[in-house]
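Below, chain A partners chain B and then partners chain C, in two separate complexes.
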Partner chain A sequence: MQCKSCNTELPKHAKVCPKCGAQVGKKKSDNIMVVAIVGLVMLFIAGMLPFVQNADVEMISDAYSFMNIDVPAMWYLYMLALIVAIVLVAIKNEKLSIIPTCIAGVIYVVSFLAMNFRGYTGRKSFTLHTLTDLLSNGANGESYKIGLSVFFVVIGLILAIAGCFFDILKYFKKESTVDAKYLTNSINKNIWAKIYYYRWFYVMFLPVFIMILLFNYWPMMGCRYAFTKYIIRDPYYVGLKHFHQMFTNDTFFWLAFRNTLILSIVKLILNTGAAVIISLLLNELTNMAFKKTVQTIVYLPHFMSWVVVASIFRLILSVNGSGMVNQLLTSAHLIKEPIFFLGDVKYWRGTFFFINVWKDTGWSTILFLATLSGISPDLYEAAQIDGANRWKRLLYITLPALANTIITVFILNLAKVMNLFESVFVTMNDAVLDVSNVLQTYVYRKTFGGGNSDYGYTTAVGLFKSFVGMILVLGCNYASKKVRGRGIV
Partner chain B sequence: MSKEQVVVMNKKKKKVKIFPIVNAIIFILISLMIMLPIWKVIVDSFDKTAGYGMNFWPQHFTFGGYGEVVSKVALYRPFIISCIVTIAGTFLGLLLATLGAYVLIQWEMPGRNFFAYMLLFTMIFDGGMIPKYLVMKNLHLLNTLWSVILPLSINVYNLVLMRNFFEGIPEALFEAAEIDGCSPMGTFFRIVLPLSKAALASIGLMFAVQFWNDYTNFKIYVTDNKLFNFQIKLRNMVMDNDIPNNADGIDPNTISNAAVIVAILPFAIIYPFCQNYFVQGVNIGAVKE
Partner chain C sequence: MKKTIKKLTAVGLTLTSVMGLVACGSSDNGSSSNDNTDKKEITKPDKFTVMVDNTVVTETNGAQNFYDYLKSLTGLDITWVRPDHSGYYDAVANAFNSDDTMPDVVLLSSDYYALYASNGFLWNMTDAWNNSETKNSGRLIDTADNVLSALMVNGEDGTQSMYGFSPYRGNGCNTYVKKSWLEKAGIDVNKVQNEQLDFNTYYGYLKTMAASAGHYVISAPGFVSTEAPYTNYLPEFFQKASYTFYKDSTGKYVDGFSEKAMEDALQRLATAVADGVIDKESVNNSTANARDKFYSTDASSESGVFTYWAGTWAYTLKTNLENKGLNGDLIALKPIKELGAYVERIAPAWCITTAAKNPEGIFKYFIDTMLDGGDIQTAWEYGAKGTHWDTKAETVTLAKDEEGKKTKTYEEGTFHMLPSPEKPNTLMQKNHIDPILALAKFKNGTDPGDATMSDTAKTNGAFFAQNSKVATPLPMTTELAENITDINEVRKQVVADVALGKSSVADAMKHYKDTVGSKCDIVLKSLNK
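Right after this comes the complex of A and B.
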């Protein structure tokens, strides 16, 4: 066994490296951390779910939550406390994270017991109710029940506090007998001296910090609009109505979801396969000048935008006299009538995949070529002497060496499956909506396609997309850690 | 040697000789397949009349298509806007990426982990198209060029790439600089930046391609047709025939074709000289994190 930080050989069962003092052996179990994170995420979601809602399932939009209370700042405080807690857990400081978790819990309870609820009847018209009022008498003579939020909060709080609490227990029965000052190479200044020492770095990070907050974290907070009705301005809370409608009544949504999966996964398989084959063949080229030229040409389409690529293919695939492909096929008597490659449900997907392969295959060979150039030529020579032909050498030397890279590329791209937008958006049209509409284009067309659309509904669709995307990224991250020892994020 | 053995040997010899030729032919075909559509567009951009069909050389040669792109305000203004956005965006993007990356390699800095996780989380969860649009609306940035420059200029992926480059700089250099009395800013400008020229070129090119090719952000945030960039204009020309009238009898398709070529041109010119920087960027990204 070797020390990870200084590479000295370690005695068996060593817990601490004798030379540099770094802790070795088994890592701290992450399971407890996962429990705490799941709990905190549940609390986070609870901030948006209905707290009290109409007992009638048909009246699902008649609901009250954090966003209805008379002091909107409470919602922001609650969310902020939870984000701080999540970050503290993520940087392995579970002990501290129990404080913001408790603060969030207190805010939750206080808000619902002490604040007034706004019952919206329209955009700006609302009546005020108290909690007991709602639960005992109802707002308009209807009966109300406790909503999902409460269950999420109770379970979330238990998980979050339990997760953090186990860490505190561990803190008390310390196993390591090494003095803390040997565990780090740092000059042991106190924290304020350190912060003062690094003061200019904080100034340097400030622009990045502000930009990230504005353009990444503020939009994340915007997922609350998924629970509101938001036409032009003044959103008001409607509970789970949008999700209910999305999952039960919206066939276009399901179609778009299916298309997203089909288009991006088939595209991924075709692109990776083509890239592997082409890089294997490229590797066999012996004339360096020819190889360089070919590489330059196959990389070229990568630098064209999707608009340019779509324009090129639209021009050469067009059905009138100027379209090269249709003219070629008709004059060769392969077809009688010109084909609408981009306007026919039968051909659209095939054309889309072809355009994707045309544009990106060359560029994705780069990684495979780098791996191939790393294989020792000795292996091939030895195999050749042993009588292995080209095919055997490919099968027993090249492909095993390439397998890891193929899996890596596959995992990296699988994480981006839900992000499909521009490539589809510029090649699709109304005639082929059924096979081409993906979630992102569905959101775009529904929101900006004309009329006063409900931002709330499309935010809900977008939230679903982000959520599936997040699960994919985390899954791929986990797979990546298993396969190659490190994550993708 | 028996006759059969000789036949087998001949077969083997032949096979070894045939493969490189077949391989070369395959690659000539692949190159043709990639170049043919581009060549066709180039040819048609010089052809005056519409009935191109299968011509692989212009029938009625003209520079008119390019002349239109250069002379009509509706066509050259988008080009200038694209240039402005690309230059400003690349500069801002590089600035943010280097600053962020330099802070992320300060392992001892209190809060460093917090910043790192804050950046990484944006790669896991995405706010979505509509909330981003609403943020732009609330910031009153819709229909300004800021709305397309700012969100793209903070690119966490490029920032992480830059950090990986910086990590390759030997730590002894930083220590030496500190002992010689260099401030953190001084170290940044005198040690880090001069040593990472290749990284700056690679990532700068990635930013430039991203800004030049940006279509989505313009489509969502910009509705004022005076602020359209070249990609949007090109799209409108090809899809909606939104092409200014011309008197010289030049077919609208010729102008579209010329516009496609103009949109490719900047990177087609610099790309062969900078190919190594582009390739380097991809490899660093995959090999280290």
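Right after this comes the complex of A and C.
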């Protein structure tokens, strides 16, 4: 056998050409097996979906799944096996991932076929059904059929196993002509060697890792409550009932969703725009003392609590005697009657945006000012020699230099648009509910607004919010890759 | 060898994780202790846990001394669980998730009381109460039956029983009118103080006061409050309109909000806001904002009429006004004719959970002694002897106070309050039971701390007791629990829209029916089942 690169005769079983160092034989793919990941995610979702669901009205009646079999630990084992499989695929040990995937499949089949299903009839009381019993006789006078979960599992299993052998990314990625081993450190042969080599760093990282697992990942298991009717001590599985209700029969959900997007996106555009303008203006200042003073003043509101900010603006915008703004407008004969800025749907959004810009713009300018200070003065000097005035210099030097930072800040903040709570919560009231209620405040009011907290339903709303957030993060990551050449996650 | 150890360690860790997970998901087979034990002898409980909010003296205000003092009086070994006050009901819900964390005794407000009772978490104490020493002592106040009958709620089986006991009345709001405002507006103070006005006369007075002040008279903490009975901050305007579901004279549950009485109430509210009698910003007010406006020294934002808690608050409002240099004379308005009586909220209840191993013993030795008419009742009303109050001869010194009021000397045997451990510049006022609201008198007929209570608070407490009726509890059904938040959200929106003139009563009511009418029907169907 000869080396394809230098035509040197190669020894038997050689993996690398001894002369030129080129890799010999079939090159191992460096891509993550996306198809396998998709399959595993489908299996993960299948763990939440009903095994058996109502035959007449899809997805809205009580359903039976992992969460109401009489050995609930099976669900945890199933999820654990899938997590192991996903991790293995992620560290490119995809073939090994087939083992936990198969274990998950076995757990699923055992749970589906051999376990009894609990039908909730009251606290600590339930009736047990077998699969055949449910499918042939139904329960509570309703007939049942095989649920969505089974279809997800079948497709998921096929994709998760077959996907380990099928690298779809290679059709989309440009093949690197350089051998991977020259791109990375020589010890990066495999993940375990790498971990061993850096073992003490990993030991140092261990406390953080445990903390993240305990406080960030373990609570995610709570997302299963989105599929349950929350009864204290006995939450029982209801399938996709909450999601169905949320999308079709909820008085406030879509309104809150719309408000979240409107308030967040407009706020983001205004805040970024205002921050850029202020940064450019500050950058033009030559008196350093004045510049620093202005900078400090515009930063300060950022450090104030939203509760304090809301109280201040409530006072300033009051319709009564203490309301400075209304008094000014009235005395200037601009208005006849005081405007109820925080209690009128016509004015609430505008007021909200103004308060947000006032509070957060100063802080946002830090990043832009840092970028501006990095622009080479030579460019300005050259432009000045060429006869460019201030406006031209701003247009052709400053703004292009700032553009990348603006886009980065915009993209990073876009991923957070669903997390709108505090600023709205402290400024909203019953009179402006139609324009102010966002998803987070809606969940809060729904959970803590009455004697009975429907944690199941509000978890479903929260899960949907997280899902939209995830799409935005991935979208922004993609956009970031396109714009900056590297992702944000 | 090394490899073997590693393998064994890995297997061990995996098994530990799996066993841990299995344990997490294991089904709960803890047996309920709510067995029928009628015939067994009632023994003193060995040790039990009590979960309570900050209505009992807090950890920073000498709670440990209170626990020790109570133990010395009752001999009970109690483990106290004191979650953060603002997250109390979250902590309660979490604790109820497992028999291991479920307390034996818990204090619950009316909403949660009905919810937990209907879910079967609370021990039925009807028989225990009927045979209790407190009930048969003859020391209960006249209105005790009304208070306790409101604690009869549906249990898991749907039958009404008593699942909790409250040692004090729930209290409620009455309307305070500043005397100085009446005088300034030229209104007959005696008439307002002594006569029962009708709405038109009352509203006429409000308009006169508004004209005199040049702005609103009432600034309420919301047009409706966030908890039952909801209409208690503007009772003269809502009158007998019911904000939520109630049982009408035919014994059938109806939606009070969709009735004509509520439409009229909303119209009165809208007119009052339009006339400048009620502050528009009430919609945006917290209770603290509304109180601040009542105390305000800025004439342009001061309010003159305020509906707020009776009893101790009458004294607090008066004192705060005087501290700000304002006239502290307040008149508690008799309920107007159309209103008939103020509404007293259902008191929070002490409940024994189904986790308690000896509920009869806990009831007899813990709950039934709260109103023993002696030392234990004193402890629940005033706290620990030597920490919060005392009777020995001593000179009590406040850390900081106005000149000349720093110290006071008491003779031996005189009951007096001591400086609060948390705020040494003020005297302790009370512990869990407000002495003015206690459900039973002391054995000798006199509250030992009577002299420490202000006359203003006592007079107003008695006034409210005479002029109020206890709210009727709403039975909890699954449908009610599922829909009430959405329904109340729209109700609040309707009230705000009408009051601020953004919508007519008819349009707002149409919106209400269109939006949550079907949900109301579902709730009514479940209530009338």
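Here is the rule we use: the second predicted complex is superposed on the first by the 396 of 489 C-alpha atoms of A that agree within 3 Å, B and C clash if a C-alpha of one lies under 4 Å from a C-alpha of the other, contacts with A are read in each partner's own complex, and residues count from 1 in each chain.
The rule we apply is simple: a contact is a pair of C-beta atoms (placed from the backbone, for glycine too) under 8 Å apart; a residue touches a chain by one contact, two chains touch by 3 or more.
The model shown is predicted, which means the values in this text are computed figures rather than measured ones.
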TODO: Judging by the criteria at the top, classify the pair chain B and chain C on chain A as clash or fit.
DONE: clash
TODO: For A:I232, decide between first (touching chain B), second (touching chain C), both and neither.
DONE: second
Open item on the list: Under the stated touch criterion, which partner chain does A:T286 make contact with: chain B (first), chain C (second), both, or neither?
Closed with: first
- [ ] Have a look at where A:D70 lands relative to chain B and chain C in the superposition and call it first, second, both or neither.
- [x] second
Open item on the list: Taking the superposition on A as described, I'd like to know which of chain B and chain C A:F421 touches: first, second, both or neither.
Closed with: first
TODO: Classify the contacts of A:V319 with the two partner chains as first (chain B alone), second (chain C alone), both, or neither.
DONE: second
Task: Partner with the higher number of touched chain A residues, chain C or chain B - done: B
Open item on the list: Touch test for A:F303: chain B only (first), chain C only (second), both, or neither?
Closed with: first
TODO: Identify the partner contact of A:V473: answer first if only chain B is touched, second if only chain C is, both if each is, neither if none is.
DONE: first
Open item on the list: For A:L270 in the superposed arrangement: first (chain B), second (chain C), both or neither?
Closed with: neither
TODO: May I ask you to decide whether A:F340 touches chain B, chain C, both, or neither, giving the answer as first, second, both or neither?
DONE: second
Task: Identified clashing stretch of chain B versus chain C [239-247, 257-265 or 275-283] - done: 239-247
Task: Touching both chain B and chain C, residues of chain A - done: 314, 321-322
Open item on the list: Applying the document's contact rule, which stretches of chain B touch chain A when the two form their complex?
Closed with: 16, 19-20, 23-24, 26-27, 30-31, 33-35, 37-38, 40-41, 44, 50-54, 95-96, 99-100, 102-103, 106, 108-111, 113-115, 117-135, 139, 150-151, 153-154, 156, 159, 183-185, 188, 209, 212-216, 219-220, 231-232, 234-235, 238-239, 253, 256-257, 260, 263-264, 267-268, 271-272, 275, 278-279, 282-283, 286-287, 289
- [ ] Show which residues of chain A lie in contact with chain C when the two form their complex.
- [x] 70-73, 75-77, 80, 122-124, 231-233, 250-252, 314, 318-322, 340, 342-345, 429-431, 433-434, 445-446, 449-454
TODO: Under the touch definition given earlier, write down the residues of chain A that touch chain B in their complex.
DONE: 87, 90-91, 186, 191, 194-195, 198, 200-202, 204-205, 207-209, 211-212, 214-223, 225, 278, 281-282, 284-287, 290, 293-301, 303-308, 310-316, 321-322, 324, 327-328, 331, 358, 362-363, 366-367, 370, 390, 408-409, 412, 419, 421-422, 425-426, 440, 443-444, 447-448, 455, 458-459, 462-463, 465-466, 469-470, 473-474, 486, 489
Task: Complex contact set, residues of chain C against chain A - done: 17-18, 21-22, 24-28, 32, 93, 96-98, 111-112, 114-116, 119-121, 156, 215-216, 222-223, 226, 279-281, 283-284, 289, 298-301, 476, 481-482, 484-486, 488-490, 492-493, 495-497, 500, 502, 515-516, 519
